[in-house]
Amino acid sequence: MNTIKFAVAGLGRIGKIHLDNLLQMEGVEVVAAMDPSEECRLYAKNNNIPFITSSYKDLISMGDFSVILICSPTNTHADYVEMGALAGKDVFCEKPLDLSLERVLEVLKVVHESGVQLMLGFNRRFDKEFKKVHELVKEGAVGEPHLVKITSRDPGAPPVSYIKQSGGLFLDMTIHDFDMARFVVGKEIDEVYAKGTVLTNPAIGEAGDIDTAVVTLTYMDGTMAVIDNSREAAYGYDQRIEVFGSKGMVQANNNFNDSHRLYTSKGIEGALP
Amino acid sequence: MNTIKFAVAGLGRIGKIHLDNLLQMEGVEVVAAMDPSEECRLYAKNNNIPFITSSYKDLISMGDFSVILICSPTNTHADYVEMGALAGKDVFCEKPLDLSLERVLEVLKVVHESGVQLMLGFNRRFDKEFKKVHELVKEGAVGEPHLVKITSRDPGAPPVSYIKQSGGLFLDMTIHDFDMARFVVGKEIDEVYAKGTVLTNPAIGEAGDIDTAVVTLTYMDGTMAVIDNSREAAYGYDQRIEVFGSKGMVQANNNFNDSHRLYTSKGIEGALP
Amino acid sequence: MNTIKFAVAGLGRIGKIHLDNLLQMEGVEVVAAMDPSEECRLYAKNNNIPFITSSYKDLISMGDFSVILICSPTNTHADYVEMGALAGKDVFCEKPLDLSLERVLEVLKVVHESGVQLMLGFNRRFDKEFKKVHELVKEGAVGEPHLVKITSRDPGAPPVSYIKQSGGLFLDMTIHDFDMARFVVGKEIDEVYAKGTVLTNPAIGEAGDIDTAVVTLTYMDGTMAVIDNSREAAYGYDQRIEVFGSKGMVQANNNFNDSHRLYTSKGIEGALP
Amino acid sequence: MNTIKFAVAGLGRIGKIHLDNLLQMEGVEVVAAMDPSEECRLYAKNNNIPFITSSYKDLISMGDFSVILICSPTNTHADYVEMGALAGKDVFCEKPLDLSLERVLEVLKVVHESGVQLMLGFNRRFDKEFKKVHELVKEGAVGEPHLVKITSRDPGAPPVSYIKQSGGLFLDMTIHDFDMARFVVGKEIDEVYAKGTVLTNPAIGEAGDIDTAVVTLTYMDGTMAVIDNSREAAYGYDQRIEVFGSKGMVQANNNFNDSHRLYTSKGIEGALP
């Protein structure tokens, strides 16, 4: 097996996770890293990355790699992806590509013309539960899909400061569900109806965002999907999917902290997701 | 305990069920029954109902009862309820009251002015599972409700002939879910978005109806609800509810034919709902 | 269908239940009832039983029935079954037939020689859950059975006065599990190891009984079964069975009061069995 | 934090796992490894272990470590533990310590006199599910324990060659359950009744072992436990525990490959444990 050489741009929380994972993989070598923060560059140094820089241009100029991972802030994604693609590198970029649809289309054009591969960080496609549902749907286990239901609730809202620059709930959170809706049945969306409200924290509303939402999607062929979101589920992280079709239904449920069941005179108790 | 005297109008499938139930209750006497069909009147006779007629007017004229159960076809409901109310009877009527909103409002006006009680046949309020969810929500177990989710799928579509006169999926099937959405959190609806499609049987579309639907409701206070419906679930009758709120979530799931679990090398199997 | 005529001997708690059930069945007529208590005979009278007596001999002499149900106290079972059999009646008798094995064998001899049918009240064979397991085992769903596991726990112990005359835990409670162990796999037992102890209430021990037990059974062919019992499960009535075999395992679990699940920050809660 | 120095004796399947884990832990250094096989010594070399030998005596003589892990074949355990203890090392040894109770007692005497710590490889104590049950029992969640139930079934029997030298089912498999029975309620056993049989493969019987077993344990205070074992569960690895007590019951169930549920007209299906 040939070794694939990687560069990593951005070593914040998610960048560090990707770096750690790459370092444990066979057939992979991380040859360069870039971050404006000294602490992050030190992290790269401690992990024996040969080339370390604070400049994305320098990283691209270094050149001796075939894939670049972009884990820098959202507002740099579009430019960095373009530059990577123009330099002939395959690109992995954390979501979202950009907050402007126009800019996204521009970048995609550059990527296509460069002939490189682009992958966005939609990790949920690789979650064991969602993957299993995707496979069963693909195998025809539920027949022709009629309705996709996705529940996605976070245990708590991010800081309002983050919300202000994230693009809001639909762009920082529902984005995973929009991707999953397309992925799980392999169909494209034709129509979207979205309704949101502020029910957990007025400060979220004041920041121009919502915390609770229901989205109805209609695919090109009339199949429907419905997504429900909340920024704050008191009981923890709640991620479920259900695909209902002509021959049946498949569900993926939450994983729980453990499988215990406690029976007492008051009822039955179990662990949280 | 005083005995309450009942009359039953309409002894089709549902009317017979109500009659049988009434005959087994303490403190209840069924003194009169009405149905245009001879077979149905014979059923009443075999159950020793004293006064039997084919005319609703005669039934009302007979008069010696305090409650009337209306189980006749939908297109008679409005008139029969009005006549019962004007005669000073408390009225139980199978849903829907009428297919025209205008007519419904007229009837309600008559009922209110007559000072009698009117109850519609929303049986799901009395289902053990839904009732438990209602109680827990009322007790505050999930805090302030943020989102209500109702899944309601039938094992198979009714005949197209029925669909043609029923008013369609929203009026003959979702009507229970509309009622449940209001009942379970005790709030009124302000806004409705409904989207439907034909995915199971083109004949349903030709009859002007849909077989699959997603409905998003917004309550007066911004709380949301989402309903999903299908005329045909391959695996059986599927009725679930979930209320998500500031302190948690409560779900009612389906009842299954039995609780067995079979583990083999192929996987785990259980009984259907 | 011919009507089958029944007589009922003993109208205590369980006798009344049998009588009520018989009165609701098609093709069945209860023509006679016997009980030494006036209150119980009145119950029969109110249910329009034609022949009512306080003497079992009189009941047998009356004669115009083909089946007798024996629901009288345990110490009368053997004699009553014998007398019924000798009079040519098919007999249903509540368990146990007698506390003495010798006497049981005597009675069975009489029954066989009389050519009548005898059925003992092992109701759990007709429980939906246990029945399903029995059927799946019979169909070969788990292959050749290797191990049967039965859990049987009551919500609370009966009064010590009852325990004193019941024959004790093995004869009044485990008796159902002994029957189920034979029934579920259709095999006979060769060897029994039973171990019991007093853990809930010393008064049970003073009455010469136990409240907690584990019984290991070995069938004629080496297959094994294990039963665990308790007189007092804080969380309610707990009845489960599991059959493990060469191709898999089938379990029947408890039925719960309802299927709700409440998720809060403290964990998940559900209804009791 | 001081670094703890380890030596590893035996680098077969389980020894390699322990070595890999140690190499990933903070505050741990593996300074020496021993194995008679060249391939295993090479494995140590590739992992940069400084001192590598084929002789246990040499390993002990090397001396510059405080803990020794013994992962060599069972028949060396007793001698190696003794030698390690006499050299003043804390010892972790894979189970069992020895197949002879007499020899085990001798070794324990040496260990106690040496004042070192000895830990046996009862990994199931650290399993998330069993640990949770242990904690809940300790906190009194089920009150005073009355009955412990352990189910332990392997997906398939080991080779008959292994069975011949392992000491048999009770010593190579039930040993974990014996340990768990003591651990989960923190009580010692007074009496054991064990019954086994050969139901899966006659070759196991010819090798003098059994493949299916039920064991009833009575603790010093009368509490009971029951263990059931099988060498071959068609549906996979089946490990469950249940502790029933005066205030309730706690269960740990299997983990499944995933949480999906597929509903079709044939029933419900899910993933295996």
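Here are some notes:
Letters are used for the chains, namely A, B, C and D, taken in the order the chains are written, and counting of residues starts over at 1 for each.
Everything below uses one rule, namely that contacts are C-beta pairs under 8 Å (C-beta built on N, C-alpha and C of every residue); 3 or more make two chains touch, one makes a residue touch a chain.
Just so you know, these numbers come straight off a predicted model, no measurement behind them.
When the C-beta contacts at A-D and at A-C are tallied, the pair with the greater total is A-D. Inter-chain centre distance (chain A to chain B, centres taken as mean C-alpha positions): 43 Å.
Chain geometry summary: the mean Cα position of chain A and that of chain D are 40 Å apart. Averaging Cα coordinates per chain places chain A and chain C 58 Å apart.
Counting partner chains per residue, chain C shows two or more touched chains at residues 233-235, 238, 247-249, 263-265, 271.
Arrangement of the chains shown, judged by which pairs touch: all-to-all, with no pair of chains left without contact.
Interface of chain B with chain A (complex): residues 143-144, 146-147, 149, 151, 153, 193, 195, 197-200, 212, 214, 216, 218, 222-224, 226, 228, 230, 232-235, 238, 244, 246-249. Looking at the complex, you find that chain A touches chain D at residues 128-129, 132-133, 136, 141-142, 247-255, 258-265, 271. Across the complex, chain C meets chain A through its residues 233-235, 238, 256, 263-265, 267-273.
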